[in-house]
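Common to both upcoming complexes is subunit A, partnered first by subunit B, then by subunit C.
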Partner chain A sequence: MNAKTADKIATAVFYAIAGSVILILAFLLGYILISGFPKLTWQFLTTTAKAFTAGGGIGIQLFNSFYLLLLAMLISFPIALGAGIYLNEYAKQNWLTTIIRTAIEILSSLPSVVVGLFGFLLFVVHMKMGFSILSGALALTFFNLPLLTRSIEGSLAAIPNLQREAGLALGLSRWETVTHVILPAAVPSILTGVILSAGRVFGEAAALIYTSGQSAPALNFGDWNPFNISSPLNPMRPAETLAVHIWKINSEGIMPDASAVSAGSSAVLVLAVLLFNFLARWLGRRLYHRLTSSTN
Partner chain B sequence: MSEKINASADAPLRNIYHFDEATHEIALSTHNLHVFYGDNEALTEGDLQFERYKITALIGASGSGKSTFLRSLNRMNDGIARVEGEIRYRDLDINSNQIDVYEMRRHIGMVFQRPNPFAKSIYDNITFALKQRGVRNKQRLDEIVETSLRQAAMWDQVKDELHQSALALSGGQQQRLCIARAIAMAPDILLLDEPASALDPVATSQIEDTLLQLKEKYTIIIVTHNMQQAARISDYTAFFHLGKVLEYDEARKIFTRPKVAITNDYISGNFG
Partner chain C sequence: MDKIKEKLQQTSQATRSERRGRFISFLALILILVVVIAIFWFVAAKGLATFFQNHINVGDFLSGKTWDPSVKGANGKPEVGALPMIVGSFLITLLSALVATPFAIGTAVFMNEIAPRNGAKILQPVTELLVGIPSVVYGFIGLSVVVPFVRHVFGGSGFGILSGTFVLFVMILPTVTSMTADTLKSVPRYYREASLALGATRWQTIHKVVLRAATPGILTAIVFGMARAFGEALAVQMVVGNATLLPHNLVSPSSTLTSVLTEGIGNTVMGSLQNNALWSLALVLLIMSLFFNVIIRIIGRKGELR
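After this line comes the complex of A and B, so read on.
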């Protein structure tokens, strides 16, 4: 076999492999979206779930998912940002940072169900937070922190050293250089990382089953005082998310339209995650152009 | 040839130009400067004086220690290498750890080999460090932007796009923006580390013209691999070889009658 034929065969094989990856994705997405599509009505998206009768919606679960995501991000982003800045900009290469990096690596490979059970023991039982959004958000922080830290560290590392030297040579301190030169330049890529990890957190179920719980008590969307038990903002209430809802319907759902609700919920979940991904790309590009020019 | 090399290596000081300080104003001088990367000594005995409002070129093969020397002059080697010895600037030893490095670097600015504008607009590139130092007056900032861009010979090209991204400029323009950014801080001394090596010949000659104009107001020390460039623009030239300054003299002497054989070999392109 001559080199040309070998090259042709190899190219064909790689095309086939790449094509099959796309096919699998397209099949999965298509199946989920098509089977869930009939359910996608405003009524389904906004009404409460029903346990025994048909026609239940996912309004509360949807809200819970977003609220939990927001809280988890509020907790984990500042920590991850600080850790990422420390690791990339300040830390020297020594045994301490090696330990930190190894710890992050191990933490990021922990199965989420283990993180969930740990969160159950620590937050729900030991710290007496009960099944609550706060417990769930903290468990998600454990789950999210290592991924986010590494993504932020990577974003900062992608900014060339020349930029740091440029700042220092102008008499700027390291802190000024990091906060005003490196971080702004890294914002688009940091943001992309945040949104992509938001997509992962949004679809997480296992870590939440034992922390934020499997029940979605009725909420009063007219009451925004976070200290009232029926307020949507109350972080101490149990909150079943969309992903947990799907798991629960499929394992013990007894409503007559269980499979339709499950299919509809799955479609919403997948659409939301897709939306996160496209949003990440679009916003990253937009921001890059915004940040590199100034308005007078 | 080898005899002459040995002779010069034994008594290097004879070939190092020393200024008469009564007639020449010294902007910066180094005494007994040694630079170490770990245990590896990259520079030994860098003893040089730099005259005010002159261009001094540092030449030598790759790895001869000239960039290491240059980067030590405004402490850019901090945290990378260990620098021992004395760097005198205005009766201060700026290599001492009591020096406010950030303050010092505003007097001794630096332009790097590859253009490194911030991912900001042209205007913000120049004003950003000034704003951090408390210059807030819009009119004052506008003035500084204009004068420094004029000094870097690029005002006419960019005056209508000051608020667009500096990253959209060509390489030569980016490098001149970096020069403008450095002189906006009104430094005393400008260090340039092969500022034209990543540029095409046209942009290079523009940068050279810019430097010749800038020496009326700034003391310039430039590392270059380009012999013609050193000959064209420098008043004094130091030849670095294997971590030592082998010869330092007026540029016309270095390029016409070098005292050391290795210098002659290098400038005539026999090695390096």
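After this line comes the complex of A and C, so read on.
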């Protein structure tokens, strides 16, 4: 076989592979959105779930997902920011930095179920916090920290050294340079990283099954005092999120319309991830223009 | 005069904020290190209790074929043979990586070398989006599409290693593809130009130059995908059938380390042997994840040297 024929055959094979991958991916997205779309009514999104009869909604689960996401982000962002700043601005090339970088890498590659089990052991059992939103948020923090730290470190590293030198030349300390010069310049890309990691946290389930629990007690949405047990804001109540809900009704549920409810919930999850993706890109670009007053 | 001297010799506001800021950010970093050490400490302490407190032989644990911790076996010791789960996990991981690799490399090559304009325009955003799709969604699709399909074509219940492989294949495909595409992108342009200038066809350039130069990166991408497949819990648990038996074929219900863990932890009492045995499975999972990490490092170092 001469080289030209081989080249043509190979090209055809590559087209076939890429075509089939596109087909698989298109089928995947299409299946989720098409089978879930009829379910997406206001009623489905806001009513409570029913365990034994058809027609339940995902209202509480949806709220729990967002609340848990918010708490997890509130806890993990300051830590990741501090760690990112230290790694990029202060850390010297020594054994400690190497160990910490390795630790971050290991943490990011740990199976999320192991992180969840650790959260279960430490918070739910040892600290007696029970299955609660707080335990879940802390487990999600561990899950989220390595990626967020690396993304923030990357955002800081992308700021040219000229900016640091300019800050120091003006007589600012290093910390002042970081907080007044480097961080504002890095805000757009830090924000993009935060929103992208929010998408990941939003869909996480394995780390939550044994930390925030698999039950969604009824909530009283008129009561916003975080110390009342039926208040949506109470961080010590068990909270099943949307992703856990999908797993639960498919593996143990006896709900007659389980597959329709999971189709609807899956569509919501995927749409949320899509939304996070677009939001990250759009906001990042917009903020960049705003802060740097670039024109294109 | 003294006031000025005092003021000059005092640490300034800026120095103090510098120290404070540096200290706080250092604490944040140390916290991450502490978390990692704590995870290893807790899981190891729990996982090793099976061997030290309940006196189960490590060899029996790793090679035993019966998993039924609440029942005593012939030798008077509880049946905690983890082999079915270990085999299940490895089989699913290897098979899904085996299926995903050609597709991922093919797609990445297509995006970078064959149709850089249109191919990348469609495939790049889609793969990026698919990386972010929650694993339960993959599990749900596996349950409602893959399992009936496997049942229809191969018979049996449809639950088993094969369904798990299909689900994980689709799940790790975007990750491996986008990592491979990044590696191909980093192969310098003049490699290709030199090869083409020597009269090589595009295919010859791809498989003799580009893929060779990108081998370490591609291997890293594959191992990364395997690590993800090995640690995936819920998507697999939903389609694998959850029977703690050695898989005798690809469509018989079986189980993985992660699936047994997600099923069992809630149904056992803390501190009992049944519970400790599950933690030992988690320890195996942890060690394997470390192992994948080490492999990635070795590949990275080898790739650097060339």
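Just so we're on the same page, the second predicted complex is superposed on the first by the 267 of 296 C-alpha atoms of A that agree within 3 Å, B and C clash if a C-alpha of one lies under 4 Å from a C-alpha of the other, contacts with A are read in each partner's own complex, and residues count from 1 in each chain.
The working rule: contacts are C-beta pairs under 8 Å (C-beta built on N, C-alpha and C of every residue); 3 or more make two chains touch, one makes a residue touch a chain.
Keep in mind that what you see is a predicted model, and the values were worked out from it rather than measured.
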Joint occupancy of subunit A by subunit B and subunit C, clash or fit: fit
Contacts of A:V181 with subunit B and subunit C, given as first, second, both or neither: first
Subunit B versus subunit C as contact partner of A:N64, first or second or both or neither: neither
Subunit B versus subunit C as contact partner of A:T11, first or second or both or neither: second
First, second, both or neither for A:L291, with subunit B first and subunit C second: first
Geometry of the superposed three-chain model: angle at subunit A (Cα centres of subunit B and subunit C, steps of 10 degrees): 100
First (subunit B), second (subunit C), both or neither touched by A:F142: second
Partner chain in contact with A:L121 - subunit B first, subunit C second, else both or neither: second
Partner chain(s) touched by A:Q163 [first = subunit B, second = subunit C, both, neither]: first
Subunit B or subunit C, by number of subunit A residues touched: C
Which superposed partner A:L172 touches (first subunit B, second subunit C, both, neither): both
Per-pair minimum CA distance [subunit C against subunit B, superposed on A] in Å: 9
Intersection of subunit A interface sets (partners subunit B, subunit C): 172-173, 176
In the complex with subunit A, residue positions of subunit C that touch it: 14-15, 17-18, 20-22, 24-33, 35-39, 42-43, 46, 102-103, 106-107, 109-111, 114-115, 119, 122-123, 126-130, 132-137, 139-141, 143-145, 170, 173-174, 177, 200-204, 206-207, 224, 227, 230-234, 237-238, 258, 261-262, 265-266, 270, 279, 282, 285-286, 289-290, 292-293
In the complex, subunit A residues that touch subunit B: 160, 162-163, 165-173, 176, 180-181, 184-185, 289, 291-296
Footprint of subunit C on subunit A - complex, ascending: 3-4, 6-7, 9-11, 13-15, 17-18, 20-22, 24-25, 28-29, 31-32, 35, 78-83, 85-87, 89-91, 99-100, 103-107, 109-115, 117-118, 120-122, 125, 142, 145-146, 149, 172-176, 178-179, 196, 199-200, 202-206, 209-210, 214, 243-244, 246-247, 250-251, 259, 262-263, 266, 269-270, 273-274, 276-277
Of subunit B, residues touching subunit A in the complex: 74, 76, 102-106, 109-112, 114, 116-121, 123-124, 128-129, 132-133, 162-167, 178, 181-182, 185
